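For clarity, chains are labelled A, B, C and D in written order, and residue numbers in each chain start from 1.
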Amino acid sequence: MTMPETPQALLASANRILAREGVLDAFGHISMRHPENPARFYLARSLAPEMVTEADILAFDLSSQPTAPGNVALYSERVIHGAIYQARPDVNAICHHHAPAMLPFCLTDLKLRVVTQLGATIGKQVPIWDQRDEFGSTNHLVTRQEEAASLSRCLGAHAMVLMKRHGATVVASSLRELAFRSVYGCRDAELQLRALQYGPIDVFTDPEIELAGNFPEATLSRAWAYWCARLRA
Amino acid sequence: MTMPETPQALLASANRILAREGVLDAFGHISMRHPENPARFYLARSLAPEMVTEADILAFDLSSQPTAPGNVALYSERVIHGAIYQARPDVNAICHHHAPAMLPFCLTDLKLRVVTQLGATIGKQVPIWDQRDEFGSTNHLVTRQEEAASLSRCLGAHAMVLMKRHGATVVASSLRELAFRSVYGCRDAELQLRALQYGPIDVFTDPEIELAGNFPEATLSRAWAYWCARLRA
Amino acid sequence: MTMPETPQALLASANRILAREGVLDAFGHISMRHPENPARFYLARSLAPEMVTEADILAFDLSSQPTAPGNVALYSERVIHGAIYQARPDVNAICHHHAPAMLPFCLTDLKLRVVTQLGATIGKQVPIWDQRDEFGSTNHLVTRQEEAASLSRCLGAHAMVLMKRHGATVVASSLRELAFRSVYGCRDAELQLRALQYGPIDVFTDPEIELAGNFPEATLSRAWAYWCARLRA
Amino acid sequence: MTMPETPQALLASANRILAREGVLDAFGHISMRHPENPARFYLARSLAPEMVTEADILAFDLSSQPTAPGNVALYSERVIHGAIYQARPDVNAICHHHAPAMLPFCLTDLKLRVVTQLGATIGKQVPIWDQRDEFGSTNHLVTRQEEAASLSRCLGAHAMVLMKRHGATVVASSLRELAFRSVYGCRDAELQLRALQYGPIDVFTDPEIELAGNFPEATLSRAWAYWCARLRA
């Protein structure tokens, strides 16, 4: 009933949800793999996520080129999506963002940990990628295939990769899991940042992350329904 | 006039109030004991608190099983409520939440104190429960009767219990007192967290907490009317 | 045009403005001296400031008793207002609040300073009152004439007094100046609290506070018109 | 379609955008150079930026006097604009603001750096002006031609100047670039302030700032369209 029907509509909702929940602002983007053709993915034309509607969604091949000619502006960092869909057949949705919650982990040596049950969605380890290591001085945008491939290698089999002086890229098996991981990854980061100001913090152990991180569909649905309701309000 | 008439409607309002005031987000839940049958309590089906309406409220027995068959999803942590209603005949309303205000006290050794008159609602001492102590590695959800019973023992005769790496559970003699205690417990926590960044803080003494903590019905009503007005706005 | 016409309507607007701008929440109150009878003041019945309308405003004498019989609940701390109007003929408006911006100065030894031009509205010195000094253990509410008189003595000729473990009381020659002083007092406090986390701060000198603190009517009007517009939005 | 048509309408939108995005509150102001007469600039009459409409925009000469007689109140600090337009033929838009994000850099010795790609808009170096140095004790308002000329000299060829115990003045070649620089200057400042609480931070090098700081029109348009959409919402 509250569920959009086409993949494009679903992706447009995810864009507006992550903007509404503070993960994205004018920048950042979300894609999903084509449900029937794994060699294609959907992504909006260059537009602030909060403004994305079904009509703004385009199809791309895995080299991140649009599958149909057009003269709209495209996200310059769309190569991130293609590179990861190529390397990770298990990934069906990707979000690249610059949420303030993640930046302290991208600007200092502070290690991102899991501190609550919902935060376990980010997994046991979050690798950190520094564009400088392979590419020297850049404008810090990931616009070239080799940059995206390097980022994807650093992500490896993980659920998320931090990018030095830049932000984060989150992956998931579904759009709903992606929204959940993006939002609660940030919420958990905020909680640990806050607590760290008052002394050493207590964190989840690896076995606890494993036990907690496997969320039932009901949990993802409850959050998704809530976020959709907030969009409509 | 602004007062909902059935217990279910009142409980639905409390759900939306605590979401609106930042105590709950997509997760967390509130219950109230059945006003005529102390062996029953009301709690919503699994749903984000902000979305709860009168129609979503179900009745449960004190083993936290629904009293009528149904095929809606239920909160996995509902055992918290039944266990406390069993152990505490004086308790008529319970809120389990993960408000950011409380998490530093759940993640560090920082002790929750009372720093203003309204904060005295949490009482002279707030115990801390660690699921690890009795149950080892878990996903940190309280879903088993023995986990809920352990949490309830730790709560004892207090007004609130903190849960390590998890959140808090607040109890009260009425739904209105519960809302007040949940909100102003968090507000007072925020004030001390903020002040602690500038040096040692001055706190209420036990005699002062006793003098301040016994709020007249007028105080609870003023806050409740305000929160209801904000819901409507 | 945007100016309410009766003193009661003006006072109701000031209530809603200070709630909207984050100085007051469900608690705290604002009064103004009767424009024609200096032995009277206006104050709302016990009600959250955001909900106050013209019809909720009552008249009080300087012993803080209502001038007309009635059976509505009254603010228990209304004695603060009467005591100050008695002691300070130059004061025509008073706000008692618990804004989070002021609490670090009420809970630690941190001294409230002036750090920007608008902040100069609080004056060169802000005294601090501790109810414990004269009254020992209390619930920290100022409800007795002798408590209010003590607070008023501590305020002296200043524009504002901080109250340990409680909040602040702000006075002014007009309601418009009061709103300005209450809001920009808090804004300036927030700025210094934030800056203090990064090292010693640079503050206004006494001569600079004197030069900056005398705001033209145009400045007060510009802020008041802005706040009224935000109320309507 | 979403683009206002006259320069005055565009400037009014910029006022409301910077208020909506948290750069300006009741105070601060934005001007643009007259598109056809470089010896003129547009600026609102004295009014909170959020309330500015096309009808509130007046024309000024480079001595910051209105070009037409009128009896509306004017911003007392309008000399800042005239002085900079005189000294900087490349500048076509100016914003003077007091955003909380910048104040720690105006109140402590903390140095404003660039930490993300969008933050590179502020350039490699941001000078700091202290009114005390040349003018001794003042109310910290920049209201005299010599004060404005001094500030303009300190700005030099830079994109922004910080003002001790006061705020910031930002310049740009277009109104759209100005909005972008004002907002993302503040966002980047917030990110570094937050990260600094957890250890030494990693920053952009000068070559990286140079590579990143030259934003294509598409980037500015995407942000501007987003901000306009948020204004309408």
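Going forward, a residue touches a chain if its C-beta (ideal position, glycine included) is under 8 Å from a C-beta of that chain, and two chains touch if they have at least 3 such contacts.
Everything numeric in this text was worked out from a predicted model, so none of it was measured.
Common neighbours of subunit B and subunit C (chains touching each): not present.
Different-residue interface: subunit A and subunit D share under half of the residue numbers found at their contact. Averaged C-alpha coordinates put the centre of subunit A at 46 Å from the centre of subunit C. In this assembly, the C-alpha centroid of subunit A lies 33 Å from the C-alpha centroid of subunit B. Touching two or more other chains at once are residues 197 of subunit C.
Pairs of chains in mutual contact: A-B, A-D, B-C, C-D. By the touch criterion stated above, subunit A contacts subunit B in their complex at residues 115-118, 120, 187, 190-192, 194-195, 197-205, 207-208, 211-212, 218, 222-223, 225-227, 229-230. Residues of subunit B touching subunit A in their complex: 25-27, 46-48, 50-51, 73, 98, 100, 103-104, 107-110, 137-141, 164-167, 193, 196-197.
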